[in-house]
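Handing you a structure now.
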Amino acid sequence: MEILLSFITGFLYASGIYLMLRRSLVKMILGLILLGNGANMLIFLLGRMVKGEPPIIPDAAKTLAGIYADPVPQALILTAIVISFGLQAFAIILMERAYKFVQTDDLDQMNSTEEDI
Amino acid sequence: MTDAIIIIFSSLGALFILLAAVGVLRMPDLYLRISVTTKAATLGIGLVLIGCAVYFNDLSITTRVSAIIIFLLLTAPVGAHMIGRASYFTGIKLWNKSFYDDLKGKYREDHCLKSFEEGEPDDSIEGSVRNK
Amino acid sequence: MNPLYIVLPVAFQLFTAVVLLFFWNKTNLQRGLSVAASITALALAAWLMAAVLQDGILVMQAGAWEAQFGISFVADAFSSTMVLLTSLAGLAVSIFSTSGIRSARVQLGFYPVFHLLLMGLNGAFLTGDIFNLYVWFEIIIIASFVLITLGGAKDQLEGSVKYVTMNLLASAIFLTAIAILYGLTGSLNMADLSIQVANIENRGLVNITALLFLVGFGIKSAIFPLYFWLPASYHTPPATISAIFGGLLTKVGVYAMIRVFTLIFIPDEFMLNLLIWIGGLSILSGGAGALLQNNIRRVFSYLIICHIGYMIAGLGLYTEVALVGAIFYLIHDIVVKTNLFLISGLIYKIKGSYNMKLLGGIYSSFPLLALMFAISFFSLIGIPPLSGFWAKLFLIEGSLDTGQYMVIAFITLGSFITLFVMAKMWLEIVWKKEGALPDKQSSTAYLAMPYAKRFALVFPIVLLSGALLFIGFGAEFILAVAKQIAAELKDPSAYLGAVLKRGTI
Amino acid sequence: MNVHDYLYYVILPVLILSVLLIFIRFLKGPSLSDRVVSLDLLITTGIGIIAVYSIITDQPTFLDIALILALIAFLGTVAFAFFIEKIKK
Amino acid sequence: MIRTKFLNNLLLSFIWLALTGSFNLGNFFFGFLLGYVIIWIMSETRWANMYLQRGFLIISFIFYFLYELVKANLQVAYDVITPKFYMKPGIIRVPLTAKSDLEITLLANLISLTPGTLSLDVSDDRKVLYVHAMYVKDKESFIESIKNGFEKRLLEILR
Amino acid sequence: MRSLIFRTAAGYLLPILLLFSVFILLRGHYLPGGGFVGGLIASIAFVLHSIANGIENTKKIFKFHPRILMPMGLCLSLFSGLSPLLVNKPFMTGLWFKEPFPVIGMVGSALFFDIGVYLVVIGVVLTIIFTILESI
Amino acid sequence: MLLAILSGFILAILLPLLKNILRGGLFILLSALPLSLFVYFLSWLPEVKAGGDLLFSYQWVPSANVNLSFQLDGLAMLFCLLITGIGSLVFIYTSSYLKGHPYLGRFYGYLSMFMASMLGLVLSDNLLLIFIFWELTSISSFFLIGFNNDSEASRKSALLALSITGIGGLFLLVGFVLLNQAGGHYSFTALLNSSPDLASHPMYGWILFFLFIGAFTKSAQFPFHFWLPGAMKAPTPVSTYLHSATMVKAGIYLLARFTPVLGETVWWNGTLTLVGGVTMLYAVIHALFRIDLKGILAYSTISALGLIVFLLGIGTPESLLAATVFILVHALYKATLFLVTGIIDHETGTRDVTRLAGLNKVMLPVGIAAFMAALSNAGIPPTFGFLGKDLIYDATLRSGSLFVLLTGAAVVTNICLLFTGFKAGISPFVGPLPQEFKQVHLPSPLMWIPPLLLASCGIVFGLFPFLIEGSLLVPAVSSLLSTAPDFHLQLWHGFNIILLLSTITIGSGIFLFYYLQSSESKLAWVSRFEPFSPKSVLVGMAKGFALFSAAWTNLWQNGKLRHYVFTIMAFLTVLLAVRFLQGIRLNLNLQSLSDLAFYDVAVLLIMATSILFAVFTKSRLQALASVGVMGFCICLIFLFYSAPDLAMTQFSIDTLTVILFVLVLQKLPGYIKEESKAIMWRDGILAFCFGTLICILALEVLQEPLHREISKYYAENAYTMAKGKNVVNVILVDFRGFDTMVEITVLAIAALGVSGLLRLSTRKPENK
């Protein structure tokens, strides 16, 4: 499974980058989303994966024993997911505003700030 | 005994879900797909979940399972209605072998839905009362 | 100082922001609260700095979970210096903003976000946990996103699209690096990582991880060839906001880079050469860009890149002397860049333009302001004994020590371009008679302002100019601090000992 | 063959097969509504998979996810419907 | 009004108990408190009366519904798995006797939940329900089956 | 949206979802869930309501602007984090009541922290969605 | 001593405060400062003469080896007296020259700042301190040249001067640091002891290079001389003080100062002789064709500076003596001539030599001063200039194998210098007075007394050289030499070759003065060679650099976001690839990885397909829906691999994101048409490479040993200490609660930002 998942992770990164290289603002943000998911999957993958043993202490026990999934990557990803939600929400709205003000979705045309005035 | 129940319920459930899947793939128009799937799946999932509740045989899990089923029963038809209705606005066509389309021309520009067309007989209950 | 209190620079800013959020529509109250809070924050930071200089490294373990398991908060000389500078720049900007930010923008949440940005900066400086650093970085970028779009004029939005994209890309790369680091070591505590990474046998993987950190932080600190977002966006928001950006945001990237490359990844030959070339080319690119601009804020923007190059090159030299130079430059640059952007804001308030071609006439009508500008301009150029000089001296010494003559060439080039550009700016905006300004009323608007408002615009500049003079003439004190920082960076055993509570490492 | 094996070797494959079939519809479209409908169905089927998986792994905890799925999938459908209606306007 | 609120509150407490799965007094009171807070938060309560005492009707209705559900499912199943389509689909306008929001909604949802039929929309004047159906042999008898089947039984329970 | 069916359903879903969200919040320390997911579910409830009934009607449910939930939640979290400083313990140290409370179980600063998270999440999602819905 | 040096700075700082008190004619009172400093330094004369070790040291920045250590030796004394002496006169002169000027206060501020910097420069014993004051002189010069800030020419000249001296300063700094590396000290006295080692140091050549560039730029040596004529845009007191008598001599001072340390090598002597020689000839020939008085003086100053460098380069005791004397000679007569020019300009309003004549009739005292200065310049006995010229010829004749060439060069230079001196000092005053200047009258004595005083010095020192010989010149020369000098200045040496050369010089010079008439046309003829001048070359280089800058900047910063992203990612990918190739130990061990289940495969398959679909679909909404499917698949993976909390959060967040997108998308248009296939391939290959690298990296990291101390700690303590059973949640709210605290803050800020952005919609978009 790890092999396939690393392929998928690499694929997520690649498609994220590819989309970020497009002209359309929408694609760019989709690319960022894919990239973020790629990073999350990478944390998950490299934290080593365990099937069917969530890190929840059973009713009777006081500690986790035996095989269990590493809770740390999960906590990290959770934090990362939530943070990227905030950032993506902002980016999405920014995209809409930019479109409204610049009247285009074409990133190549959003360069007036770099023309010397 | 419980094993048998679980197997029966889950098998039936899986079957219905598979049906829904085949249906959504095969059906010729959107409305038919919605029609076939929403409920077949709901029924199928419900059955599988019941099997699940039987397996764990624990009150809190049973309540959770019933909660899921209730949620599904509550939301699935509403969702189906929403998407079906919205699709009709956007002009998604009925299958060409459909027989009736009573909705045709009933939506106004502002999405207000009329109960009858101008000039068409009003056969709603009050309408029929009035007509008589 | 009780080490428990080192969380205060962060907690206090958050508290301030929360209080400000409750007074959403009361703009004047927000202004007053912000200034009062900034003064308190400065006092707190000074207290922290004094405590660190006196007692050595202070460590707080959040949640009382011991290091490596809980999140460490570490105040050493480097981080406490950065916190102090942040608070200083924060105070200046806060005062300036009382007159520099219109009520409409205040109602869009300028003050809470501003204080949250300061919180993020303080957190990033103080944390001793790599993932926690990531989280602080996110605070910083989201707060900066909000500030850079605040009020949302068209060019602000266009600039911020680039700003946002590239910063998000940087975050993704940073996160990737953390993922690999955790996969390799199973740890997140920077002190612990320092030991763990040294023990990894597969150095190739370590080098690659280091590279990812380099690029992740590199984008944020605007080095060559990752700086593009900066000239595209820094000149678009109100000057008050540019000031905090220009002064602090890129520096936090530099801070992180210095921290990571002295504590966790000790650079090898390849990395050092890479850093040196990146530094040199940043100097060249920033300088080349600055030569061409007419908008004073764009000039400053490019100069930021140029001067970041000094620090990166200093890091690449990796001797104690060069690190002293880099740290000194960092300290000087925070103050001077903040002040320059504030100055640009003041000029805009007076003249209504950022365009050098049109500006002018400061010398005849505002001679004392011209004097104020001169202090910043010449500090930036590095006219001795003003602040920029000392850093350059150590950098040159460092590059001669290591035989990296390339660095000297780049530093000379960068310094010359800075000199030329700033002198030209002096000619254009101070000496020359003003041109046909687009918005003539604004120049009288400044004079018509109530005294308090003008004071709010000028006082922060005076404050920071004073700080600059202190850095220059009191270089002995700053150098002592910089030397202590460089020594702690070069030999992190004190850091490790303080965090991991192990006597000897 | 015990219940676990039965679920693992019979039911789960059937559900997975269903998911694949639904996904084909998702790819085929042709309209956005078709995709939304298949996405909805995909998620609903996911609830079934979760239920089966929780039995296989003996982890009732997973049912909580099923609950969330049931709730939120609806929101997605509603949003798309809302959107489809709005662009028509 | 107050009685309705109280009943609702009670209902919420029971749902709470069911969800948490621990039936004790403390839990019940806590659930009740939560329910109270939620009702207080919602200045405008929308749920209407639920007449739990009509349990028998409900149970018989549930069985009727399940019967319809299975029957219709099988019919559709047959159509789905056999290569040829036997269906005669169409959108039918069904006049409504149901009046209140709850009545109409429940009816529409129940229709939707049985395979082969789908409530598309209710007219704005609430007189007509538009239903998409797969097997419409004859328009009149289809309308009749709905009015005498689901609608009638449902209204018996609700009114 | 002009849909009677949806509007009615959303009306019923709102209290159920809110209840459910509190449930998810409180059990988070023992089972999957917690302030974050709980907050999301609560906000989804309101979002559904607002899509169905229009933003104005949803706002009427609140006695205040949902934005205020953010500082409230942050305040709660911050103070549950800072309170240990009063007893000379580091920031974020867990302080717990000796005896478990009925239903909820052990109550400590972590719970208040999680409630803070819950409030912030509601405030955030509603602020975002409401402003979007208002602007379109 | 410190106070003496700093007093100028203190005055400069206080001036803004004093300005109101001094309003009117009281500015002359400020001359008290340089005057008292002059007296102060004079009072040290006996001790300097006695050769006492006059070191004054104060702590400042010991960490950077910069201490305020000053040394007053003969050379420093000579310069100090020049600086304060001429300074006093210039201060007095200015009070009348710029009377009523609105910025007079600032002017005095800059002047005192300059004077203090100059004093610091010549007195410093610490190299870095020298550098500090060196730069301060450049800055003061910048302010003074640009004093007429409204004139564009002034501003440009100030910028040019600052640029040239600034770059020289940078080189000087590098040279000093190198010197410290080689010699081990920043202290000059300490370096003096290690001088033999320095000459053999491998970096010796570089030290010379950097030092020379610094000195040549400051002292206007070829090819860096061209800023000096521009600097004449400054008010005349400035030209007098900075650009003839003092500042430009800073470079000379530096060379003289370092002669005992670095001198006496072929490189040192050869370079200086060559550069000095070229400068003096090149500049003086230029001076011949000028018609602007100040232009003439500027070029002759350059030439004189070249002459001094030339003498320093010869490096014999005689030449060093000649240089020392000539420094003084030149300062005296050139300052006079400048002050006179200032008076002429002030009174007549022109500096055109072709128009000026007969002014003797209206301003005789000025004419006398000018005449005396011109004589001294010409080296006609019994002026001090005559002494200087004798010494020069004496030096060149004894310079070794090349003496013929060097002497010839010196003679030519002196002839032309004589011409320029006459042109500036005599021709405006003789002949008939043109009608237009009839109204001209003698200015205030405050203006004509200073030049007269200076010019008289030139005569007095010539007549009575003993006045300064023992007290001033001997100590000065002895600081340049390792051995005590043995010489005796006198007007009459008897008939010898030197006298012959002097006679030739004077005769040819006067001949030239009569037959070469300056005119516009000659100037125009000369200016045809302008494109080949160093200035044009350097300006061309600067323009080239500007072009390069533009090209370079546009190459990277072209305004297109995707270009930026491409650059960043290409940079990262290439670096990663290089690092990979450099040695990563690839050992893929499939046994250590878990097996595949069919449902895993199915989910991953769906996920991969939906990603592909999201990338290549033509519709934004379909892309969005695909991203939704992908999120759902990730949720399932989290579920299968024991992360229920993650699955929940991922799914809910994903749905919310999709909703946000959906709400926003309705306003956006369809995708724009894509660019060319080539670009898509290029991007695709980059993306593929990066993805592959990440994939390999991930697989490689999975092979590394596993560390789980932290998660074990959490697993053991979650319930016992943190009282929670869901370890992930315990981490979130307790072990790493700090992260969560920050995380919700991020969310809150994002919400503020979103509402801020959207609340703008009420404002009108600013469309063009």
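Labels for the chains are A, B, C, D, E, F and G, by order of writing; each one numbers its residues from 1.
By our rule, contacts are C-beta pairs under 8 Å (C-beta built on N, C-alpha and C of every residue); 3 or more make two chains touch, one makes a residue touch a chain.
Molecules present, by chain and UniProt name: A = Na+/H+ antiporter subunit C; B = Monovalent cation/H(+) antiporter subunit G; C = Proton-conducting transporter membrane subunit; D = Cation:proton antiporter; E = Na+/H+ antiporter subunit E; F = Na+/H+ antiporter subunit B; G = Monovalent cation/H+ antiporter subunit A.
The model shown is predicted, which means the values in this text are computed figures rather than measured ones.
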Remark   = A correct list of chains touching both chain B and chain C reads F
Ask   = Going by the stated contact rule, which chains contact chain C and chain F (Na+/H+ antiporter subunit B) alike?
value = A, G
Remark   = When A-G and E-F are ranked by contacting C-beta pairs, first place goes to A-G
Inquiry  = Let me spell it out: compute each chain's centre from its C-alpha atoms, then which one is farthest from chain A (Na+/H+ antiporter subunit C)'s centre?
reply    = G
Remark   = Taking the mean of all protein C-alpha atoms as the centre, the chain whose own C-alpha mean lies closest is C
Note = With centres defined as the mean of Cα atoms, the chain at greatest distance from chain D (Cation:proton antiporter) is chain G
Request  = Mind checking the centre-to-centre distance between chain A (Na+/H+ antiporter subunit C) and chain F (Na+/H+ antiporter subunit B)? Centres are C-alpha means, answer in whole Å.
outcome  = 24
Ask   = Roughly how far is chain C from chain D (Cation:proton antiporter), going centre to centre by Cα mean, in whole Å?
value = 49
Query = Measuring from the mean C-alpha position of chain F (Na+/H+ antiporter subunit B) to the mean C-alpha position of chain G, what distance in angstrom results?
reply = 61
Request  = Specify, in ascending order, the residues of chain E (Na+/H+ antiporter subunit E) that touch 2 or more different other chains.
outcome  = 19-20, 22, 108-109, 119, 121-122, 124
Request  = Could you list which residues of chain G touch at least two other chains?
outcome  = 557, 559, 561, 565, 640, 644-645, 648-649, 652-653, 656, 659-660, 663-667, 694, 698, 701-702, 706, 708, 710-711, 714, 725-726, 728, 732, 734-740, 743-755, 757-761, 765-767
Ask   = What parts of chain A (Na+/H+ antiporter subunit C), by residue number, touch at least two of the other chains?
value = 13, 20, 28, 38, 40, 42, 45-46, 48, 51-54, 56, 72, 78-79, 82-83, 86-87, 89-90, 93-95, 97, 101, 107, 110-111, 114
Request  = Just spell out which pairs of chains touch, all of them.
outcome  = A-C, A-D, A-F, A-G, B-D, B-E, B-F, C-F, C-G, D-F, D-G, E-F, F-G
Task = Flag every residue of chain C that touches chain G in the complex, lowest number first.
result = 14, 62-63, 65, 68-71, 108-109, 112-113, 116, 119-120, 123, 131-132, 135-136, 138-139, 142-143, 145-146, 149-154, 161-162, 165-166, 169, 173, 176, 180, 183-188, 196, 200, 202-205, 207-208, 211-212, 215, 219, 225-226, 228-229, 231-232, 270, 274, 284-285, 287-289, 291-292, 363-364, 367-368, 371, 378, 381, 383-385, 389-390, 392-394, 396-397, 400-401, 408, 412, 415-416, 419-420, 423-424, 427, 430-433, 475-476, 479-480, 483
Ask   = What residues on chain D (Cation:proton antiporter) touch chain F (Na+/H+ antiporter subunit B), complex-wise?
value = 61, 64-65, 67-68, 71-72, 74-75, 78-79, 81-82, 85-86
Query = Tell me, which parts of chain G touch chain F (Na+/H+ antiporter subunit B) in their complex?
reply = 644-645, 648-649, 652-653, 656, 659-660, 663-664, 666-667, 721-726, 728-730, 732-734, 737-738, 740-741, 744-745, 747-748, 750-752, 754-755, 758-759, 761
Touch list for chain F (Na+/H+ antiporter subunit B) against partner chain D (Cation:proton antiporter), complex = 1, 6, 17, 20, 24, 31-33, 37, 41, 44, 47-48, 51, 136
Chain F (Na+/H+ antiporter subunit B) to chain C touching residues, read off their complex = 67-68, 70-71, 74-75, 78, 81-82, 84-85, 88-94
